[in-house]
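The structures considered in this document are given below.
First subunit A sits with subunit B, and in the next complex the same chain sits with subunit C.
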Partner chain A sequence: MNTIIIDGLSFALPLLIIAIGGIYSERSGITNLALEGLLGFGAFSGGLFVAATAGVFAPTSQVPLYLSFLVAAGGGALFSILHAVLCIKFRADQVISGVVVNIVSIALTGFFTSTINAAVFGQASNKFMLSTSPRLTIPLISKIPLLGAVFTNFYPFEVIILVLVALCWYLLYRTRYGLHLRAAGDNPQALDAAGIDVARVRFKAVLMSGALSGVGGMCFAYSISTNFSPAIYFGSGYLAIAALIFGNWKIMPTFAACLIFGFARSAAYQLVLALNADASVADLAMITPYVITLLLLAFFAKTNRSPRALGELYDKSKR
Partner chain B sequence: MTKKKPLQLFARLLGNERWQFITIPAFSILCSLVAISVIILLIGKNPLEAFSSLLAGAGWIAKSNYAGGKAAFTDFMDMLDAFTPMLFAALAVTVALKSGLFNIGVAGQMLLSGFIATVAVGYSDLPSVVARPLVLLIGIVVGAAAGALMGWLKDRFNIHEVVSSIMLNYIFQYVISFFIKTRYIDPVSRQSRMAAASARLEITDIKIAGVTTHFPLGLVLALIAAIGIWFLLAKTKTGLELTATGLNAKSARYAGIRTGRTLIIAMGISGALAGLAGVTYYLGSVRSIIPGELTSVGFDSIAVALLGNTHPLGNIASSLLITTLTSGSTYMSSTVGVRQEIASLIVGMILLFSACGGYLKLWVQRATSEQLPDKGSESVHPRTISGQEEQA
Partner chain C sequence: MSEVIGVIGAGGKARPDSAAESDVILELRHVTKRFPGVVANDDVSLSVRRGEIFALLGENGAGKSTLASMVFGMYEPDEGQLFVRGTETRITSPAEAVALNIGMVHQHFKLVSNYTVAENIVLGDEPLRRVAGVLPWLDMRGAEQRIADLSARYGLEVDPCAVIENLGVSAQQRVEILKMLYRDSEILIFDEPTAMLTPQEIEHLLNIMRNLRREGKTVILITHKLDEIKQVATRCAVLARGKLVDVLEVADTTTAKLAAKMVGYDLALTIEKKSAALDNAPTVLQVDHLTVEDDNKFPVVNDVSFRVRAGEIFAVAGVAGNGQTQLADAIAGLAAVKSGAISLDGVDLTQMTVRQRARAGIAYIPEDRHGMGLILDLPLLQNLGLKSYFHHPFSQRGILQTEAFEHHARRLIDDYDIRAGQGPRTLTRQMSGGNQQKAIVAREVELDSRLLIFVQPTRGLDIGATMAIRRRILDQRDSGKAILLISLELDEVLALADTIGVMYGGRMQKIAPAATMDRYQVGEYMMGARASTSASASTSTNASISPNTPATSAAPATSAAPEASAAPAEVQAGTGTQQG
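On to the complex of A and B.
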C-alpha cells in the first residue's frame, strides 16, 4: 500500500506540473499540444547542464541537481518561444504549431545529444547521465499509518512541485495577471477594450507553460531513468493534456485527475507484483489508468467547457 | 521605396493566390534545406553530398554499386512500400481535420486493424484470391469501428477526441501486446509470427525489366483513395456536411446539418483509412508486429497531412517527400556519415516554415499591394489587387 502511494505521487506530481503548464497556455487561448516537445527540451537542457558541469561541482554535491531544474525551466521556456511566435506573430494554426514543435524538439534533442556526446565528451551515446536523486523521509510523521507514506521516500522535486503548484494557483486565480490571462482565453475583445495587450498576455502564458513543462520533464528524467535520452518522449505530454481536459482546465480538478492517474498506475504495478503474475499479464494490468480515465470521463465530461476563445487567433476587428 | 525593391520582387516571385499552393510549400522546403545545409556544414560535412545520397537511398538516383539483380528501381519500390501506408494514414488525418476533428489515434487504429487482420487471415491458409480482399475488408471495418467509437464518445459523452484517442492508443497497445506475447509470439524474433505470404498485400521478389523488386498492392488503392476522398469532400453532400461542420459546427447545426451524426461519420471514414494504413503496413512492408509498440507512421502522418495543406491530393506529394526523406536517411548516414536524425530534422524544419505559410501569404498580399498608390483599398479587395498585379 505504501509503495502505491510513494510511486503514485512520484508519477502524478510531474504530470501535474506539466498539465498546469498546459492550463496556463490554454486558459490564455493558445492550444498547446506542444507539451511533449517542451518537456523534452527542458529535460534536454537540464541534462546538458549536468553533463557540462560534471567537473565543476564536487561529486556528492546536490547543487547541480537543484540547478538543473532551473536550467530545465529556462530551456523549456526558451523552446516555447517557438510555439508562441508561430501562434501569435506568424498566425499559424495552433494545432499545427504544437505538432511541429513536438517533431522539431524530438529531432533536435536527439540530434544534438548524439552530436554533443560525440564531439565534446568523446563517447557514442544518445544519453546524458544524471546523478541519482536522493529520496527523503520525514522522521516522525512518516510513522503515521497510511498517511505517513506521503512523507516517506519522496523525491525532493515533489516538494518543489507542490510549492510551484501553490504559486501557480495563486498567480492564476488571485492576481491581476491571472485575471488578464483567463480573460484572454474567454473574451480577448473585452481584455483589449480594457487596454491590455492580448498578445503580450498570451506570450507570457506560453512561456510559463514552457518553463513548467521543462521542470516536469526534468523530474521524469530523474525519477524514471536517471538520464536524459529520447526515451523521455513516452507520451507524458499527451497524458498531461488528457489530465487537464479531464480537470476541465482548472488547477485543483486537474490535481485530482493526476492523482487518480498516478495511483491507478502504481496500483496496477503492485497488483501484478503481488499476484506474482507473468510479465505478459502486466500488459493487461497497465491499461487500468487509461480505462479508468475513459470511464470517469464518460460520467463527468458532460459539463466540460473549454475556454471560449481557445485555439482562435485574436483578431481585433472581430465581434 | 527603392529599399523595398528586392522584397517586392521576391513577393511577386511567390506569385498570386492561384499559384501560392505550390510556391509557398516550395519556398518552405527551400528554406529548410538551406537551414539544414548550414547545420551539416557546421558539423564538417558536405550538404550536397548528403542530399544526393538521401535521394539515392530512396531510389530517385542511382547509387554507386548494387547487390546482384538490384538497381535504383528496387530502392524506389522500397520507398513506395513505405509510401502506401503513409498516404492512407495522412488521408485519415486529413478527413478528420477537414471535419474539425483531430485524429491523433491513427497509430492505435493501424495497430488494431493490422493485428486483427494478421490473426484472422494472416495465420490461416486461405488462397490469396480470398485472403487479400478479406484483409482489406477487415482493415476498413475494424478501423472504421475504432474511429466511429471515438466519434460516438465525443457525441454522446462530450469526451474530447484527443483524450479518447490517446487513451485508446495505450489500451490497444497493451492489450494487443498481451495477446501477442501469450499466443502469437515467435520465440526467436520476439515479435508476432510472420503472416502468410498469401495474405500479404505485396508481391515479393518479382522481376521487372530484369530487376528483382516487389510491388505494394495497396499503392494503386491508396492513390484511388486520395482521389476518392477529394471527390467526397469537394463534390458530395456528405462532404459538404463534413467540411461545414469542420468550419463552424454551430452554424452547421443552424443550417440543419445533424452535427452529431456527421461527427461519427467523419471519424468512421478517418478510422477506415487508418485501418487501411494498418493492413498495408503490418501486412505489407513489415510482416510482423512488435508487441507494445506503435508505429511512427501514425504520428508522422499528422505532419504529412499538414504539409499537404490538408488537401487529399496535396497529401500525395507530401507523403512522397516525407517517405523519400525517411527511407533515404539510412543510406545517407552509412555513406556520408551524417546522422539519421537529420532526416527528421529536415521534416521538422519544412513543417516549421510551412506553418508560417499563412503569414507569408498575408505578407505577399501586403507587399504586392503596396505598389499601388491607394493603400486604403488593400484590405478591401486583396484578391483583385493581386490579380491585377499579375496582369500588369
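On to the complex of A and C.
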C-alpha cells in the first residue's frame, strides 16, 4: 500500500506541473497539445546540461540536479516559443501547431542526443545519463500509518513542484497578470478594450506552459529512467491534457485528477507484481490510467466548460 | 471650406449665447474615413458641448458608429482633425481614449462572462495591495466598495459581486456604464444602447443618461430611434451615407422632421393595416402543450399552447432567449419536441421531418439569415430554388434544370424587387442584407404555404427594406395565409400583430388581441412581471392558457414615463426597425 502511495505521488506531481502548464496556455485561449513535445525538450535540455557539466561539479554534488530543473524550464520555455509564434504571430491552427511541435521535438532531441554523444563525448548513444536523484524521508511523521507514506522516500522535486503549484495558483488567481490571462481565454475583445495587449498575455502564458512542462519532463527523466532518452515520450503530456480537462481547467480539481491517475498507475503496477504476471499482461495493466481517462472524460466532459475563447484566433478588428 | 462654426449653425439657428453651453469638449473638423469601397465618413465637422446629450442619428451604414469609433480610438481618420477640450489630439487606441476620459459602451458588450462585475470593471486598471509588504495581491474588496458607491450615485442598481453570465442584457449594459465611470470618463459614448432592451429597461437607461448629464458628464448617443432622441437628447446630428446632413436642436424639431432628414425624403412611416375578420376563420396552426428541451434538459419551451388562424398575424413578443427561436424551430421541425403536439389544418405534424412539414404547408424565414436562410457562396438563383430544387420543373430525372432556376430567379427578382448586381448569377454574399432577406422572403412566399413563420424578419435592415418586408407580410395575411411572427422588436410586433403572445422563460405568459394591449403592458409580460393568469384582457380568442378573467387592465406600472407618449404615434412603426 505504501508503495502505491509513494509511486503514485512521484508520478502524479510531475503530471500536475505539466497539466498546470497546459492550464496556463489554455486559460489564455491557446490550445496546447504540445505539452508532450515541450516536456521532452525540457528534459533534453536538462539532460544535456548534466552531461555537459559532468566534470565541473564534484561527483557527489547535488548542484547539477537542482540546476538541471532550471535548465529544463528554460529549454521548455525556449521550445514553446515555436508554438507561441505559430499560433499568435502567424495565426496557425493551434491543434496542428501543437502536433507539429510534438513531432519536431521528438525528431530534434533524438537527433541532437545521438549527434552530441558521438561528437562531444565520443560514444554512440541516444541517452544522456543523469545522476540518481536522492530520496528523502521525514523522520517521525513518516511513521504515521498510511499517511506517513506521503512523507517517505519522496523525491526532492516533489517538494519543488508543490512550491511551484502554490506560486502558480497565486499568479493565476491573485495577480493582475492572472486576471488578464483568464480574461484572454474568455473574452479577448474585453481585455483588448481594457487596453491590455492580448497577444502579449498569451505569449507569456505559452512560455509559462513550456517552462512548467520542462520541469515536469525533467522530473520524469529522474524518476522513471535516470537518463534522458526518447523513452521520455511515453504520453504523459497527453495524460496531462486529459487531467486538466477533467479538472475543468482549474488548478485544484486538476490536482485531484492527477492524483487519481498517479494512484491508478501505481496500483496497476503493484497488481501486476503481485500476480507475477508476464510482460504482455503487465503492458495491458499499465493502460489503466488511460482507460480511467476515457471513462472519466466520457462522464464529465459534458459538465465541464472549456475557456470560451479557447482555440480561437484573436482578431482585433472582429467586433 | 466653411468654418466649423458655420457647420454647427447649419441647422439655421444661431448658437446659444450662454458661455457654459458653448463650452466645447469635443470637436471634429473635416473628418473623412474611408474603407475599401466605401467612404464611411465624408468631411464631417461637428462639435459637442460639455454636459449635453448629443445624438448621432442615421440609418445603417450612415457612418455614425464609424464616427464614434474614431473618437474612441478604434480607427484613425484618414483626413481631418480631432480636438478634445480645445487641443488637437490623435487618438490611436481605445487606451488613449480612456486616458483622455472618453468611454464607450459598445453594441456588443466587452465583458468576461465568468468574471464578477467588479473583476470586469477593474480589468486593465486593477487596484493592488501588498501582502506581507511585498507580494502584490488584487484588492477586490476596495474595488467592490467603490463600484457599489458609483452604482448608487448614478442609480445603476448593479451588484459588484454578481457574475456576468448570470446577468441579463440590461444589467450587463449597466456594468459597461460603470466601467466608464470607474475610469472617470467625462465623455460617454453609447452605441445603439437600446436595441436589446424592453421598454421599461429603456426608460431606466434614459434615466441613467439624465443622471449622467446632471453629474456633469457629456453623453454621445448613437441611435436610429427617434423617440429616444426626442426624450433625452439636447442636440442631434443627422448623418446619411457618410455625410453630415444637419445638426438640430432637439427641442425645436419633431421626430417626423428628423426622420425626413435621416432618409433624405418624407417617408410614410405607417403601414395601412386593415383589421382582420377572424371570428369564423379556420385554425391553420394549432400548438398544444408544446415542450422543447435544450441539451441540458432544460425546458426552453415550456407547455406552450396557441393557435394561428387563416388571415391572422400571431406575433410573439419577448426578450431574446426566452424560447421564441426554439418554438419556431420546433414548429418547422428543426428542434426535437419533448411533449405536446403541432398540427396544421388538423393534420398532426409532430413526427414529420422538415421537408414533410414544408410540403404540408409551412414556410420558414429563419432568424439567422446567413447561417440558416441562405448559402452565401452560391449564386442567387440556386438560393431561390433551395426549397424546390428536387421537384419539377427544377429537377427532371434527377438532373437539375439550370434554365428553370434561371427563369424562376428572374421572375422573383422582378416580383419582389430584389436588387442583385449581376441578376440571377449574383453571388449571394455580395448582396446587401436587405436584398438577401428579400430573397429569402421571396423563396418562402412562393411556396404558397398555408403558414408562414417569420423570425426577426427585419433585423438589421434599413427603413426602406423593413417597410417592404412588412408590407409583404401584411399582403400574405390579407390573402388568407396564417402568419406566425416572432420578433424582438416590440415596434414591429405592435405594428403588425392581430394577436400578441408574449413569451417569458419558455412560457407563453399572455395571449391577447393586439388592440387590447399597449407597449407597456406587453413590456411587463416580457419581463415576467405579471403572472399569466392575472389581468387578462382577452375574452374570446386564442386564450387557450389564460383563463378568461374580465378585463381589469390596471394602469401600466411604468406610466411614470410621460415622455414616452410624446413621440407622435405615427412614427412608432418605423423607428425601432433596425439593429446594427
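Heads up, the rule we're going with is that the second predicted complex is superposed on the first by the 312 of 319 C-alpha atoms of A that agree within 3 Å, B and C clash if a C-alpha of one lies under 4 Å from a C-alpha of the other, contacts with A are read in each partner's own complex, and residues count from 1 in each chain.
Note that in this section a contact is a pair of C-beta atoms (placed from the backbone, for glycine too) under 8 Å apart; a residue touches a chain by one contact, two chains touch by 3 or more.
Remember, it's a predicted structure, so these values are computed and weren't measured experimentally.
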Touching partner for A:F246 - first (subunit B), second (subunit C), both, neither: first
Which of subunit B and subunit C A:L275 touches, first, second, both or neither: neither
Which of subunit B and subunit C A:I287 touches, first, second, both or neither: first
Which superposed partner A:V163 touches (first subunit B, second subunit C, both, neither): neither
Touching partner for A:L191 - first (subunit B), second (subunit C), both, neither: second
Touched partner set for A:R174, first subunit B, second subunit C, both or neither: second
Between subunit B and subunit C, more extensive residue contact with subunit A: B
Subunit C residues within the subunit A interface of the complex: 93-95, 98, 106, 108, 110-115, 119-120, 122-126, 128, 135-138
Complex contacts: residues of subunit B adjacent to subunit A: 43, 102, 104, 153, 157-160, 162-164, 166-168, 170-171, 174-175, 177-178, 181-182, 291-292, 302-303, 306, 339, 341-342, 344-345, 347-349, 351-352, 355-356, 358-359, 362
Touch list for subunit A against partner subunit C, complex: 170, 174-176, 179-180, 182-183, 186-187, 189-196, 308, 319
Interface residues, subunit A side, partner subunit B - complex: 33, 82, 86, 89-93, 95-97, 99-100, 103-104, 106-108, 110-111, 114-115, 119, 235, 238-239, 241-242, 245-246, 279-281, 283-284, 286-287, 290-291, 293-294, 297-298, 301-302, 304
